[in-house]
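Take a look at the following structure, please.
Order of writing sets the labels: A, B, C, D, E and F. Residues in every chain begin at 1.
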Amino acid sequence: MITQTTKDYLVRLLKREARRDGRKLSEWRKVVIEKGIGENAEGSARVKLGDTEVIVGIKMQVGEPYPDKPDEGVMITMCEFLPMASSSFEAGPPGEDEIELGRVIDRGIREGKVIDTKKLVIVPGEKVWTVFMDIYVVNDDGNLYDAAALAAMAALTTAKIPKLDENYEIIEGEYEGKLPLNHAVVSLTAYKAGDVIFYDPTHQEESIIDSRLTVGVRDDGKIVSLQKGMEGSWTEEEVLKNIEFIQKKAQTFIKKVMK
Amino acid sequence: MITQTTKDYLVRLLKREARRDGRKLSEWRKVVIEKGIGENAEGSARVKLGDTEVIVGIKMQVGEPYPDKPDEGVMITMCEFLPMASSSFEAGPPGEDEIELGRVIDRGIREGKVIDTKKLVIVPGEKVWTVFMDIYVVNDDGNLYDAAALAAMAALTTAKIPKLDENYEIIEGEYEGKLPLNHAVVSLTAYKAGDVIFYDPTHQEESIIDSRLTVGVRDDGKIVSLQKGMEGSWTEEEVLKNIEFIQKKAQTFIKKVMK
Amino acid sequence: MITQTTKDYLVRLLKREARRDGRKLSEWRKVVIEKGIGENAEGSARVKLGDTEVIVGIKMQVGEPYPDKPDEGVMITMCEFLPMASSSFEAGPPGEDEIELGRVIDRGIREGKVIDTKKLVIVPGEKVWTVFMDIYVVNDDGNLYDAAALAAMAALTTAKIPKLDENYEIIEGEYEGKLPLNHAVVSLTAYKAGDVIFYDPTHQEESIIDSRLTVGVRDDGKIVSLQKGMEGSWTEEEVLKNIEFIQKKAQTFIKKVMK
Amino acid sequence: MVAKKVKRSDGRTYDELRKPYIIKAGVVKRAQGSAMVQSGKTIVIAAVYGPKKVIPKHLEDRDKAILRCRYNMITFSVKDRKKPGPDKRSVEISKVIANALSRVVLLEEYPRTLIDVDLEVIQADAGTRVAALTAASVALADAGIAMKDLMPAVAAGRANGHILLDLTKEEEDAEDAVDMPFAYIPSTGEITLLQMDGIVSKEEIKEMIALAKKGAEEIYRLQVEALKERYAALARLSEVVK
Amino acid sequence: MVAKKVKRSDGRTYDELRKPYIIKAGVVKRAQGSAMVQSGKTIVIAAVYGPKKVIPKHLEDRDKAILRCRYNMITFSVKDRKKPGPDKRSVEISKVIANALSRVVLLEEYPRTLIDVDLEVIQADAGTRVAALTAASVALADAGIAMKDLMPAVAAGRANGHILLDLTKEEEDAEDAVDMPFAYIPSTGEITLLQMDGIVSKEEIKEMIALAKKGAEEIYRLQVEALKERYAALARLSEVVK
Amino acid sequence: MVAKKVKRSDGRTYDELRKPYIIKAGVVKRAQGSAMVQSGKTIVIAAVYGPKKVIPKHLEDRDKAILRCRYNMITFSVKDRKKPGPDKRSVEISKVIANALSRVVLLEEYPRTLIDVDLEVIQADAGTRVAALTAASVALADAGIAMKDLMPAVAAGRANGHILLDLTKEEEDAEDAVDMPFAYIPSTGEITLLQMDGIVSKEEIKEMIALAKKGAEEIYRLQVEALKERYAALARLSEVVK
């Protein structure tokens, strides 16, 4: 529980463009990206953004294509906040916050055409690779959106396609090669508290936020997705200004992820 | 909420064979049947019975026959009270009232052999048409049973069978012809409050009802289904008298539906 | 509800190695095993242990093998406490008590290699028999673990494999022969209240129990499964002593079951 | 209605109940009341718990008890293994049974409480819902719950051209089969459960109701017998205890 | 932004709403407030119940009302039958709609209560979430719930190289399609819903927002019209009753 | 028991724990207490929230805290992607772990509360439930919850004819494999978790228990170490803060 006194204090700080941990409004916490953290996954990564921790695993399965896209592989994104991630501590089917986060990350990767799904066909119209992108929030100290976006992209860069035997069963430990990627996409999120817009809030700072705006950016600078979240509102000017900021900033993060 | 005063008043009226809206005990409200209300459905209809509104859509899918009936198509009925239909306003898996209504409508159509299921075979024993009959209650102002029965039959009369390509995929916008029907069936429902039996109650009138009796009747005058509902009871004489009444009355409604 | 007075009385009795119904600490209630109680099951049995009643049915279906065991049939165990079995009276998906009981019984049968699953192959790698073992608790007067173990084994001894037609559909009422069994397994359970260990508690006696230890024993005297249950603990000496006791005792029960 | 010479595959006349037709009260020890009905190969057990507290409290009815039924077929009661858990059919049957029972149980005597009736189909050969309902009112009486009367239930129907009482599954599978589950309070003439599938004339319905009433009255006598036997057994038991 | 000559398959200019574009208040009789929006072939009905008690009580907010939305597509609203029940897409849409509405509804005036908004897509041809949101604020106003303003919503996007208003499904299926659902409070300039899929430049976003604002303002006038007509009808009705 | 020359594929002797065997407390910042256990390739994280209010209230125990465990394998912890959500195996494991922990946690000190223990298997290579239990008691201690003692857990078993400590998945797949998960309170000699699969003699069980006890004692020392390190780190931190 965050007290009203703390909240008031955070608001006062923000108004002076200051933050409790000394950061600037548009300064991110330290980002640590670890790749290949799960031996049983075809791809994986852990991202720590300050104390926020998100892990993503990529699992590949032989599946069927969608009837309207017989010549493309399939991507399925799942997002779960582990009960340990925060004091709300709830197990059960995914709630609306998990669903929104999962869908926003999914949308960036999907709309940015990150995965070359045309190359995931095994038997045209019958068998294709299904790429499961499973996002787990391990510790929530704010700004899950950026941490998850980074972890998802990082995990994809490590993913490999398993070898199949003649019955289309996976041969354990053998790989055809890397998961073919066309692009890198990262989404970053602007947060708004009253009239102040800032980035990468801690969990404590999130308690005073009215709204967020997530912008998906591709390595070629194109915008690939937008999502306004929460109950607050944005002016046109704010939207455009923050898109512009994120468009640039994202390239720095893309470089970190692609390393 | 309907007050006890209103209920008492309605009971007194009924005892004098009178109703708040001036109707006779066995008089239905104005019935409006609209066919073809859903462009994305293979068949559809809307029925308004006074302010009660029910819509039914027919969707056709290629499916498998039941193992014990390899040479017949399949019909599946779903019934949902939209949360907007009444102040109980509940989303979620179908409750027992929805299930009972859906099954009673299904039974009339099924037992009356309305659909010529033998003509719904695509590949004998392997592929048949599955006819989904989806019933939605949009506004509940009483007597959902009759409105749903009329809407279901009306929707069936408009249903068409899609054309299939060589892979048994539906070709959008092309049709083989109409869904083959053997018969028309409509069920009507008698309602009992104390010793008074009457028809087509409003939502308000339903608050004083003890029991209902639904009778499915076919265009050839045969009875095809019965369902006593709710906690009240019926004498043998009441049952037989109301079956007789409905048997005749249903023909009028069948004519309306078949127009 | 069992009162504290009753509980205290039962504890005092146990300390003097006495029980309310006059039994010794390691004396079971009267066991009645009825085989073939369900005409629609491929195998079935009812076991009464005093007033405790458990029924088990075996159903055989044509299914697919597990990918990693293409040449073996499949066993699936389900356990349900019927709402009538006790005053907790709850319908719904299986709770943790039902799951634990089902899995402990399953483990004994599975690990003891009771069913000769290699003989349940119909088309290697494609079609095998799935053996459903469905356990229902009808009345809970304590020691469900022993009653279920006896009923499961008894039901298996009566199970038959249906004949199949050329399309691998079951021919009703015709059988290939008995379900091939390699072994018989029975598990028995030691219960501990304070420092006293005893067997076959009634429902009332279960109210003072801290822990249980279930030991699965095969007809050749081998131990095939262990499960410590509930919140209490056991010393090494207690474990070994009770394993030894059950190892011998189980042979008597196996004989009863195999009759 | 004319007396008919019908040859039924199990040797019964058109108006006979299946054999054996057995009702037994007090079959589930833990329950407050219970009963078993066997009708030929159909076997159903009913058990009653309550009146008891309603949880959560906001569901309680301040004027009367809530009567909740669960009708359930166990997985191996039928030839094709029944998937566990409720399906639409069992939800509907649970509802019509609860509705029918509410006509005889004096729910107003137990305000703000819940009465649970569990109905388990152990073996199914047609007529399971009427067997369940027949067992339920005996179980409620066995539980000492105040009732206006017992309520027998039976199906009438048609198979192979004949109106018949208490159809078996084999008869229900006839080309022209009609099934009409029916429950009835003999003392008042009230019909409390009535359902019907199949293509019939009004006259046939009349005939089926008459036949069902006759069957129900016979079952009513067996219900009373079962309770008498149960009370006698309990009396003997209490003698022994003394 | 230059005026453009775009040939759209339904004959519209780039900045036109679909025809018909109809808003009608008071379409669901039982509801406290309701509205229907038809945008070309897309049809959505919104209905409002509340403010009402929160059950269970521990979920209530002592400071304001809870606004709960359910966005749902009926099974036959789309070509491929939609499986009944919520999926991830409908959960997300329900959430962003509820978030947007919370900006105009004066929730603080109804502490410890629940306001339910049911949004049913009867027929889907793209733009269902913005039609739903447009209908929702009319339904809330029709229900007499205190609001700062109405909130129109519309999508802008791109298809076949052109920035367009209010895309149809056919346009959304273009190779280069971009879809940007948008909701807006004309009186304050606040953007309350903003989502986007597809590959665009910042300039294109700017253009789409400008176009969406224009569309929203047009829809706002239709919302006001619909409510006026509704009040007129109610007034006529009360005349009659007098 | 004779000392044995066993050649294990990872080079261990029969009575050695896997390498690395690491316990670390305080790994999940938001949690009241947390711990990670790595045993070879198996990695489990435990986190504790509570004591806290029980919702809904009618589930609370007036005499003691409810200890609730969730044991869960994340989807990519295993070779074949694990479907999200609980299955029967995880429900059983959650239960036996909660049962075992209840023996050391002083639940009576926290009446009417709930203590939640989340156990997430990040990577699975056999022995996940014992790693989870080992992590859990460290996490509870880290959360400052009153306990009688720590509780180490480890599996003993048999593979290829040898009784072995702490089996890997490869060893568990041996034809003659036996797996015996085991938890133990060294200070009292109490066995709090005991399960076993496989065909063995009583003598082998005796041998396995002896081996498991030895392993548990070693793990106990590592648990204590981990907590000491954690306290030292916290102390350093509080120095800094001062």
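One rule holds for everything that comes next: a contact is a pair of C-beta atoms (placed from the backbone, for glycine too) under 8 Å apart; a residue touches a chain by one contact, two chains touch by 3 or more.
Computed from a predicted structure; not experimentally measured.
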Note: chains that touch chain E and chain F both are A, D
Computed over C-alpha atoms, the centroid farthest from that of chain D is that of chain A
Report the chain whose mean Cα position is at the greatest distance from that of chain E. C
State, to the nearest whole Å, the distance from the C-alpha centre of chain C to the C-alpha centre of chain E. 58
Just give me the whole-number Å value for how far the CA centre of chain A lies from that of chain E. 28
Centre distance in Å when chain C and chain D are each reduced to the mean of their C-alpha atoms: 31
So which stretches of chain F touch two or more other chains? 56
If you look at chain A, which of its residues touch at least two other chains? none
Among all the chains shown, which pairs meet the touch rule set out at the top? A-E, A-F, B-D, B-E, C-D, C-F, D-E, D-F, E-F
Chain C contacts chain D in the complex at 38-41, 44, 51, 53, 55, 57-59, 61, 78, 80, 82-87, 89, 91, 93, 132, 134, 136, 138-141, 172, 203
Residue numbers on chain E that touch chain A, as the complex places them: 88-89, 91-92, 94-96, 99, 102-103, 180, 185, 188-202, 205-206, 209, 213
Per the touch rule above, chain E residues touching chain F in the complex are 56, 58
In the complex, go through chain A and note every residue touching chain E. 94, 96, 99-100, 102-103, 107, 111-113, 213, 218, 222-236, 239-240, 243-244, 247
Chain A-facing residues of chain F, complex: 28-31, 34, 41, 45-47, 49, 70, 72, 74-79, 81, 84-86, 116, 118, 120, 122-124
